[in-house]
Amino acid sequence: MVRRRLAAAGALVAAAALVLSGCANQGGGGAAQTSQAPAPAQPNNAALPAGNGQGKCAPGTSIAYVGTLAGQNAALGQAIANATELAVNQHNQANPGCQVTLVKADSGGTPDTAVGPTQAVINNPAVLGIVGLPFSGESKAVGPSLNAAGLVNITPSATNPGLTGNGWTNFFRGLGNDAVQGPAAAKWMKTKFNPQSICVIKDDSDYGIGLANAVTQALGPQVAACQGNVKTNQKEFSATVGQVQQANPQAIFYAGYYTEAAPLVQQLRDAGVQAPFVGPDGVKDEQFVVNAAGSANGAYLTCPCVPQEGFTAFTQAYQQAYGVAPQTYSAEAYDSATILLSGIDKGANSRPALLNYVKTYNGQGLTKKFQWQPNGELSETPVYVYRVDGDKIVTDSPIS
Amino acid sequence: MFLDRFWANTINGLSYGSIYALVALGYTLVYGVLQLINFAHSEIFVIGVFGVYFTFLALGFVPGATPNIPIGGIIADLVLAGAVGMILAGVAAVLLERVAYRPLRRRNAPRLAFLITAIGASFVIQQIFRIFRGSNPEGTIRLLQPDPVFRIFGAPVTNLQIIIILASFAMFFAADGFVNRTRLGRGVRAVAQDPATATLMGVNRERVIMITFLLGGLLAGAAALFYLMTIPQGAVFNGGFLLGIKAFAAAVLGGIGNLRGALLGGLILGIVENYGQSLFGGDWRDVVAFVLLVGVLMFRPTGILGESLGKARV
Amino acid sequence: MTTTQPRTDPSSGTSGPTLRERWAEGSRWWNARSRPQQWGLLVPVVVLIYFLPVINPPIITTEPATDFSIALFNASVFALIAIGLNVVIGQAGLLDLGYVGFFAIGAYTAAVLSSPDSELGVRFPWLVIVPIAMVITMISGVILGTPTLRLRGDYLAIVTLGFGELVRLLADNIDPLRGNRGFQNIARPGGTYPDGTPIFTQNDAQGFYWLSVTIIVIVLLFMGNLERSRVGRAWIAVREDEDAAELTGVPTYRFKIWAFAIGAAVGGLSGTLFAAQVGFVNNQRFDVTTSILYLAAVVLGGQGNKVGVIVGAFLVSYIPDRFQFEPEYRFLIFGLALIILMIFRPQGLLGMRQHLLTYGREAYQRLFGAGTGVAPTGLTASSRGRGDAVETTPDDHAGTSPRGGGE
C-alpha cells in the first residue's frame, strides 16, 4: 500500500513537473514562431453573420445543418454544427427583424442513413438552405434529392473532386477540393524536401483515396513508388511501418484522418523512422497532436483552410459557447452559414431566390473570398501548410 | 520483405496474440459454461480500457505528454491501473450477466435471445461512453515508451512486448490453474460438462456462472491494460468492436470452450495476421484473419484443440 | 404444462398470464377461421399497410426528424431481409451471422451492373438486375453453404460471420468494387405517375415502399407454400433433430443448402431494392453489427413465424428512426429497447407456431373437432417453452428445440 501511495505521489509530482515543462515548451514554441508566416488577421471586409442588423425575414425562416451528430466521426460534424449554430445565434441577436431557426438533422454520416433525414429537411418548406453534408460519401448519396428540390447546399468539408462533376446546380463547396490540395501539397513537398522517394499512405475513405491519387500523380510514379494502405479505425500499423522502413523515404504523406494518423505517426517514430510526416486537412486537428503525444512534433499539415488563430472574435465566441477550440472546418461552416444568412437578410425568401443569391455571391469571408464557378467550386482556394510545434499547430506558410 | 521482417512479425504477433488470447478466454469460459456467445464481451473489454485510462488520469497523468518518472513508479502505476481495469471489467461482466442474461435464463429463453440482449447491452455500454466521453479517442497517455531490450535474429524485442507476453502467460496459467486445480474451478468444469448432474451433486450453478463471468471480465481488464500500453489511442467508445470479433475468432479457432485452445488460437491468429499483412499489405490483415478462421473450421470443425471444457457435443 | 401453472419467478410480471391467455385465445380464434375468412380479415390490414405513408399517422410518424415514407421503406426492406433470414434460422434452424453478406452482394450486383462508375460500363435496367442479383446471391449461398453446412451449431455461426466480414473487407480491398468511394446513379425501376413524375425516386420513397410491400406479399405467399411442401417439412425436421431427420431418410445436407440458397436469394433481392432507392452503394453498413441486427429482427419477432419477423424487423428499423429527433440518445434507447423486449418476450413477440403443415387443418379438425383451431396451445412450441419457464430443467439454456437451437 505504502508503495502505491508513494507511486501516486510520485505521479502527482511528475504531473506537476509535466505541466510546468509543457508550459515551458509552449513558450519555446512561441519563440520559434518568428520564422513562420503570420496567420492572416481577420479581413476587414469579411462578412459576419450579424450583417448590418437591418435584416428582415418571415418568422420561422430556417436554415439547416445536415450531417453527423452522433456516432462515428461525430466530432467533425459536431464542430460544423456548432459553428453554424454560433453564426445563427449571432445573426439573430443582431437582427431583431429576422429570427432564423436552425434545423439540425443527424445524417449518421453514412450514405444509407443520410437519405431519410435529408428528405425530411427537404420536406420542411421553411428550410431555405443547408450547411453540409460533411462527408463525400453521404453527399454523393443525397445529392440528387437536394438537386431535384433546388435546395442550396454549401458543404464546409466534403472535398471529393467528383462531387461537382454531377451537374448539380445547388451544390457549392466552401473550400478547395482534393484536386487542388493534392497537387499543391505535392509541389510543396518537392521544393521542401527535394525528395528521391516519398511514401504515400492512404486510408480507405473516399477522401483518402482521392487525395492520395492526386498527390501520387503530381509527385510522379518514381518518387511515390512507396504506396501504403490502411483501414479506417485501424490502430496497429506494423506492416505500414515495415514498408516505410524498407523504402527509407525523405517524407511520408498520409491521406486520411487524424484518428488513424496519430497512432501511425507514433508507431513510425517508435520504430525509428525520422522522415518528416505530412498530413492533409483531415489530420489537421488538435486531436492529432494530443493523440500522437510527442510523436506529432514537427509534422507538416496541408489544408485548403485559412488559419483561424487570426479570427480572434470567432475563436473566442466559439470557445465561450462550446468550451472547446474550433476544429478544422469550423470557420468554413461559419462562413457558409453567414452567406446563407446574409441572403435571407437581403430578402431571399424562397429556395430559388437563395440559390440564386449564393450562385452570384461575391464577397470576403473569414477564411477566403467566396465566389463560385458555375459547377460549384470556389474560384479562389488558398492552401496553407501548418506545422506541429510542440503541442500545438502553427501556421507555416501559404503554398498556393 | 516478408523474410526480412519474419522475426519482427513473429514477436509482434505474439504480443498481439497474447492480448487476443486474454480476451478470447472470456468468450471461451462463458461459452463453455453456458453455450452462449457473449457478444457484449468486447464492451466489457472497453470498460476495462476506460478503467485503466481513468486511473491514469486520476494518478495525474496529462494526455499528450510523456511522463518522466522512475521505472519503479511506472510499474506501480501500471499495476494499479491494471488492477482497477480488471476489477471494473470483472464487476461489469457480473452485472451484465445479472441484467441481460439471468432474466432470460429464468424464462427459459431460446439461445438466440441471448445474442439479442447481448447486442442490446453492447449498444447501451458503447453509447454511454460516447455520450459522456465523445466520439474522439481519449488523449494519449503513455507511461512506458517502447524501447528495444534485446534482439532475436536482428528483430528488436521491446520492453512492452516482454511485459505483455510474460504477464499474459502468467494470467493464462493462473486462470488455467484456477479452473483445473481449485474447488471452484472444479465446479466450473462440472457445470460445463453436465449442468443437470452438477446441480444434483451440489454445485451452485448460479455461483459458478457468476464466477465464470467475473473471471472473463478480470482477464479482459488485464488485456485492456496491455492493449492501452501498446495502442495508447485505444480508449474510444467503439474501440472494442474489431478486437472483440478477432478474439472471438481466436477462441473458435483454438476450439471454443477450451482454455488452452483460446491461448493457442489467440497466438496463432496474432502471428498469422502479422505475416499476412507483411505479405499482402496492411489492409489485408483482417482478410487474412478471417480466411484463416474459415479455412481452419472447414478442416477441423471444432477448432484446433477441440472442445474440452464442456463435453464434446458434435 | 399449461400457462396456468403457478410461477415461482416474481420478476415475470403480474399481468403476464392474463395477457398471454388473451393472446392464446386470440391466436386460437384466428387459427379456427377458414382460409378465405383469414384472407378476408387480412386484406384490410394489408391495405392499411399500403396506405401508411399517405395517412402519415401522428405519433407513429417519424417526421419531422426523418422522412416517414423513407423510414417505412427502410423498415420494409428490413422486413424482407428478416423473411429471408427466417428461412435459414427460423425454418431450418441454421444460425447465420453473415447474412449481411448476401444483402451486400445483392446491392453490389445492382451497382456494378448499372452504375456509370462501374468498370463494366453497362447500364442494365433494374428489372433485369433483380433476377441476376438473385441468381448470383443464390450461387454464393451455395458456394458458402457447400463446405460450411457440414458444420453444426455455433461453428456454422462463426464461419458465416467470417464470411460476412470477408464480403465487406473484399468490397473495400478489391479496387473495382470501389470501397468507400462507392457507385453513384444506380438504376431504378421505371414508371411514371399519370402526371409524368417518376414513381421511383430517391426523394419520394412511396413508390419504393409500395413496391417492396408488394414484393413482401409475393415472397410471403411463396414462402407459405414452400413451408407446407416437402421442403418445409424437411427444414423443420432438420431444425428439430438433425440426426433423427437423417435417419428417417431426409437428405438433410441438401435441404440445408436449399435453405441457405433461398435465404440468400431473398437477401440479394432486398439488396437490389435498397441500392435502387438510395441510388448509391459503398462499403459502409455491411458490418457484423448490421448482421446481428437482422438476427435481432428475426429473434425479436419470433423465429419461424413469418408475421412475427416482419413485426420484429419493423421495430428494429423503426425504433432508431422514431428517435431520430434525439440523435444523441437514440441508439441508447434502441439498445435498452432490445434488452427489455427480449426479456419480456424471450420467445419473440409472436412466438413460434409449430403445427402440422400438410393437411394440418384437416387433421386437427378430425382429431379435435371442427373449430378447435389448428394447434391446441399445449402442443405449440411457444407455450411449451413458457410452461417450462419455471426452473425445472437445469439445462434451461436449451431453447425451443430440445437440443438447443440448431446443433
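Labels A, B and C are assigned to the chains in the order they are written; within every chain, residues are numbered from 1.
Here, a contact is a pair of C-beta atoms (placed from the backbone, for glycine too) under 8 Å apart; a residue touches a chain by one contact, two chains touch by 3 or more.
What you see is a predicted model, and the numbers here were worked out from it, not measured in a lab.
Looking at A-C alongside A-B, one finds more C-beta pairs in contact between the chains of A-B.
The greatest centre-to-centre distance from chain C, using averaged C-alpha positions, is reached by A. For the pair chain B and chain C, the distance between C-alpha centroids works out to 32 Å. With centres taken as mean Cα positions, chain C sits 41 Å from chain A. Distance between chain A and chain B, defined via averaged C-alpha coordinates, is recorded as 36 Å. Each of residues 172, 328, 331 in chain C touches at least two other chains.
Listed for chain B are residues 283, 286, each touching two or more other chains.
The residues of chain A that reach two or more other chains are 70-71, 204, 231, listed in rising order. Looking at the complex, you find that chain B touches chain C at residues 31, 34-37, 39, 99-100, 103-117, 119-124, 126-128, 131, 195-196, 198-199, 205, 241, 245, 248-249, 252, 256, 283-284, 286-287, 290-291, 293-294, 297-298, 301-302, 313-314. By the touch criterion stated above, chain B contacts chain A in their complex at residues 1, 4-5, 8-9, 12, 16, 59-70, 72-73, 76-77, 80, 130, 134-137, 139-140, 142, 145-146, 230-234, 238-239, 242, 274, 277-278, 281-283, 285-286.
Listing the residues of chain A that touch chain C in their complex gives 69-71, 105-106, 110-113, 115-117, 119-120, 122-124, 137, 140-142, 144-145, 148-149, 160, 166, 204-206, 209-210, 231-232. By the touch criterion given at the top, residues 3-4, 6-8, 10-12, 14-19, 21-22, 70-75, 204, 228-231, 233-240, 242-243, 246, 259, 262-263, 266, 270, 287, 289-294, 391 of chain A touch chain B in their complex.
Of all residues in chain C, those touching chain B in their complex are 9, 11-12, 89, 95, 147-148, 150-155, 157-159, 161-163, 165-166, 169-170, 172-173, 288-289, 292-293, 295-296, 298-300, 303, 328-329, 331-332, 334-339, 342-343, 346-348, 385-386, 388-389, 391, 393-401, 404-405, 407.
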